[in-house]
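Shared between the two complexes below is chain A, which has chain B as its partner in the first and chain C in the second.
For the complex of A and B:
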């Protein structure tokens, strides 16, 4: 596939810019050959073998903040769009590929220093190239009693994942919420530190988030307003114990009482880790009889079938972290709250005391909820080899919303002529406080027509979700404009505000144009 | 260390090893008589759940290359071994594994400037592959600097 030039940039200017990038970072860290630039293509592109795949023109990998400053100044001079990545593992949401073809990938993987880890106050300060594995390794090597909160899989960047507002599983599961303090290079080349970092000699940069005056950190998440070069994170003190309990309820309509009790436990802090609400029938092993009942029979038939199997219609797993006595008391308290549901069943799950030895750890199939990064998710089977993308709407934490979302999304699937059950089951997660997020798995295939069809379904789901008051929390680069367009209250007032800030901070429009639907003035459709 | 001559001799012992020979030849063709064949395979990876994987990886590796076993998940292999090896020098590896295992290794290899240079479906569950520097990049693969 031919590599494009940055939009509106001549070959001569592009070549000059590359030479200046080389002068800034060293020739070996500017990548412009096809084989090098290919490494930045989206491994899960929904445009497989189609001309719409977004291809970068080159990549540059600085090692120092000063080099990042030089790069943005050079890019500004030649109006070359920069697409910043940390480790480039944002799979399912675009990977390391840019939002518009011809962008130069600003690859921060060499900025991989763990700058500080504080065991007494439980925080870390890291550069963007530090992966969850890197910080875990650092903590293990120094035998610190600290946990990280890796997402699944754990090869991504703490900074990148937090900036994309990703989620994990432990009590620090909301990764942006767990950050404390940033350093940012603006499009002008200026360097800003947020929160207490603005003091210059701050001794609490990673301990108090807000500093003094307006709190600006949020505008640099899912954003194209600056390049984050350092970020602080609160870490979880290694707990004494972990316990997982399972709650199963027998009837479809039990979802209301189930979610009410779950919300109470989550919002009161009794349950602090990520939970998932599963329609049990959607997630079991292949079962022809179950498949027949799901398509052609009534809800009560399905309830009876699940009861015969000793399973609930709905299942929730509850993770508990903390002192062993507290964990046991929390599980007992949780059971009391769910025990008002007739026929509810409880099962004790995994139970661990920390620290675990390496041998103990290696026996655990999924160590991620224990703060241990892993790639095991790729080994569970499924069509991962050709890829996937995620459709991930936020819905209210209510039983009504779970039922309605299930019904609405299945109807979209049917309306589009797909067989019943073509949409995957709905795992409903509590990665974030107070609301559920649904994570739909959309396969990427080496089949142009199937990918087009899936993109059509995806876009239809976006608009139907918006009609019901549900919006996505994050999306693949291919759908950023689609998602942004439905956040349209008061004639797109929020996006007009984003554009105002964008034009003020990045007047040349060089930082990730169009990321999350925020376009610089020169590339806005209204100016095209 | 395996020499180019040794590698080619290994490659000539059976059709299953042809890709290795082609790999070495591609390097040699791009770089003239001497340079890149001094880089032997660091390891050959197989999935111990599949007997065929072990047999094919053994053939692929030849007598001079260590074999490394996985069971789908490559986390331990990378975390305890490849991470350190590739930090010192991004070295080629090969294997016969599931496509999912290869996918993980391919993306981890990207981080050190290595590519999948050969990919061949063996059956519904296994793929035979090689990861290494491309011919043009082989002389200047990026190194992760020490922290």
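For the complex of A and C:
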């Protein structure tokens, strides 16, 4: 792909900036050849090989906070957009490629130090280049009784994933919520520490989140207001036991009582990990008879078929973590709550006592809910998949919402001329408190027409979801403006506030312009 | 307690001791150990043995038993092919940047994966 210049920057200025970047970080850590810059392409770009694919102009990889400060000052001088990545593995949401072509990627992978792990107060302080695998290995080597909470792919950054507000499976599953304290380089080059870190000699930076005065951490998540160079995380003390129980209910309309009981258990803290609600017929091994019933028969036919198979119409898996006696009591309590649903079935699932040996761990198909990073999720699209992206709206934690969202999104799919059931859904997750995330999988192929069609479906889903009061929690860079545009209450009041803050903190508009639909004044469409 | 060996066996025992000591050392020289470590860090999570390794699953589907699905068991990989896949990706596998796998680490991966290479017939 041809490498573009940063927008509005002359070749002469760009060349000077690259030389100054080299002086700051060393020549070997500034990448400007076609071969090196190509490594920053989004491997799963929905614009793959199209003119709209976002291509950087160069990349620069600092090792120290002081070097990050120098880089933003150089970028500010030449008004060069910087697109920051941590490990660059935000695959499905943009990977290591920027939001606008010509940006210089600020690659923080070399800043990969585990600065502190505290076993007594259960926290860690890490740099952006530290992956979940890295921190897991560190904890294992030191034999600490601590768990991390990895998302499905373990090669991502703790800092990057938390800043994108990703989710995992253990009681620490809301990754931004689990953070405690940040260090941020601002567009001015100034360095800020949040919470207790603002004390010069802080001794509780990773133990108390709020410090004194306004709590600003949130404005640096899914944001382009600063570059986070350190971040603290609360870790989960290794529990004594894990148990997974399955609840199955026989009728379509049982979803209402099922989700009511689930919400009670989650919101009261009886269930603390991520749960999934499945329409059982949508999952499991191929079954031609079931496929025929799903397309051509009534709901009651499907209920009867699932009952004959000994399965429920709906299934929920409940994970429990903690002391063995408590876990057993929680499962008994959960069963009591679901027992009001006629015909409900319960099945005991996996049960573990910790620590597990390496041999025991290797027998577990998906160790991620046990705090062990993995890459197993990349098998999701089949053996010859070329990539994927996700449509992931937040919906209410109610049975009504599950039914309505499933129906509405399926209707969009068929309205666009696709066969029924062609929009591959995933379980409905409780990664975050009080709401569900419903996630749809979109394959990415190196086929321009198929990708164009998928973009069309994706954009229609965004609009239709907004019409029903649902919005996405996170998205691929290709759709950030689409999604920001539907968060439009009171004439885009929230985005106007974001723009006010952006212009104040980054007047040259150099930090990730347009990320999450927040554009600096000089690049806003109204000013174009 | 000490054991007295017959005098005539001592040279043979010494030779055996030297062999046992040096063989693992040769197999685990620093370069080989580094190569194995780099491979283990960057490649095993996808290409190791097991039913939950996407790279291994893909290879099994692609080669249908004609080649080992576990990458480290292959003997037909070439340095150029390994470099190309790491830097351009393949199927779901993304390309790896030099801040992740440096050129030097890539050569370590090449060394590990070609340690048992057999010339193509």
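Following the convention adopted for this analysis, the second predicted complex is superposed on the first by the 522 of 528 C-alpha atoms of A that agree within 3 Å, B and C clash if a C-alpha of one lies under 4 Å from a C-alpha of the other, contacts with A are read in each partner's own complex, and residues count from 1 in each chain.
One rule holds in what follows: a contact is a pair of C-beta atoms (placed from the backbone, for glycine too) under 8 Å apart; a residue touches a chain by one contact, two chains touch by 3 or more.
This is a predicted model, so every value here is computed, not measured.
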item	value
Fit or clash - chain C, chain B, common chain A	clash
Which of chain B and chain C A:374 touches, first, second, both or neither	both
Which superposed partner A:366 touches (first chain B, second chain C, both, neither)	second
Which of chain B and chain C A:285 touches, first, second, both or neither	neither
Contacts of A:61 with chain B and chain C, given as first, second, both or neither	both
Which of chain B and chain C A:113 touches, first, second, both or neither	first
Contacts of A:39 with chain B and chain C, given as first, second, both or neither	both
Touched partner set for A:200, first chain B, second chain C, both or neither	neither
On chain A, the residue positions that both chain B and chain C contact, one per complex	29, 35-36, 38-39, 43, 61, 87-89, 109-110, 133, 155, 362, 373-376, 378-379, 381, 384-385
Interface residues, chain A side, partner chain B - complex	28-29, 33, 35-36, 38-39, 43, 61, 63, 87-89, 109-110, 112-114, 133, 137, 153, 155, 362, 373-376, 378-381, 384-385
Chain B residues within the chain A interface of the complex	71-76, 78-79, 83, 98-104, 106-108, 110-111, 113, 115, 134, 136-137, 140, 142, 144-145, 147
Chain C residues within the chain A interface of the complex	41, 45-46, 50-54, 57-58, 60-62, 87, 89, 91-92, 94-100
Of all residues in chain A, those that touch chain C in their complex	29, 31, 35-36, 38-41, 43-44, 59, 61, 87-89, 91, 95-96, 107, 109-110, 129, 133, 154-155, 362, 365-366, 373-376, 378-379, 381, 383-387
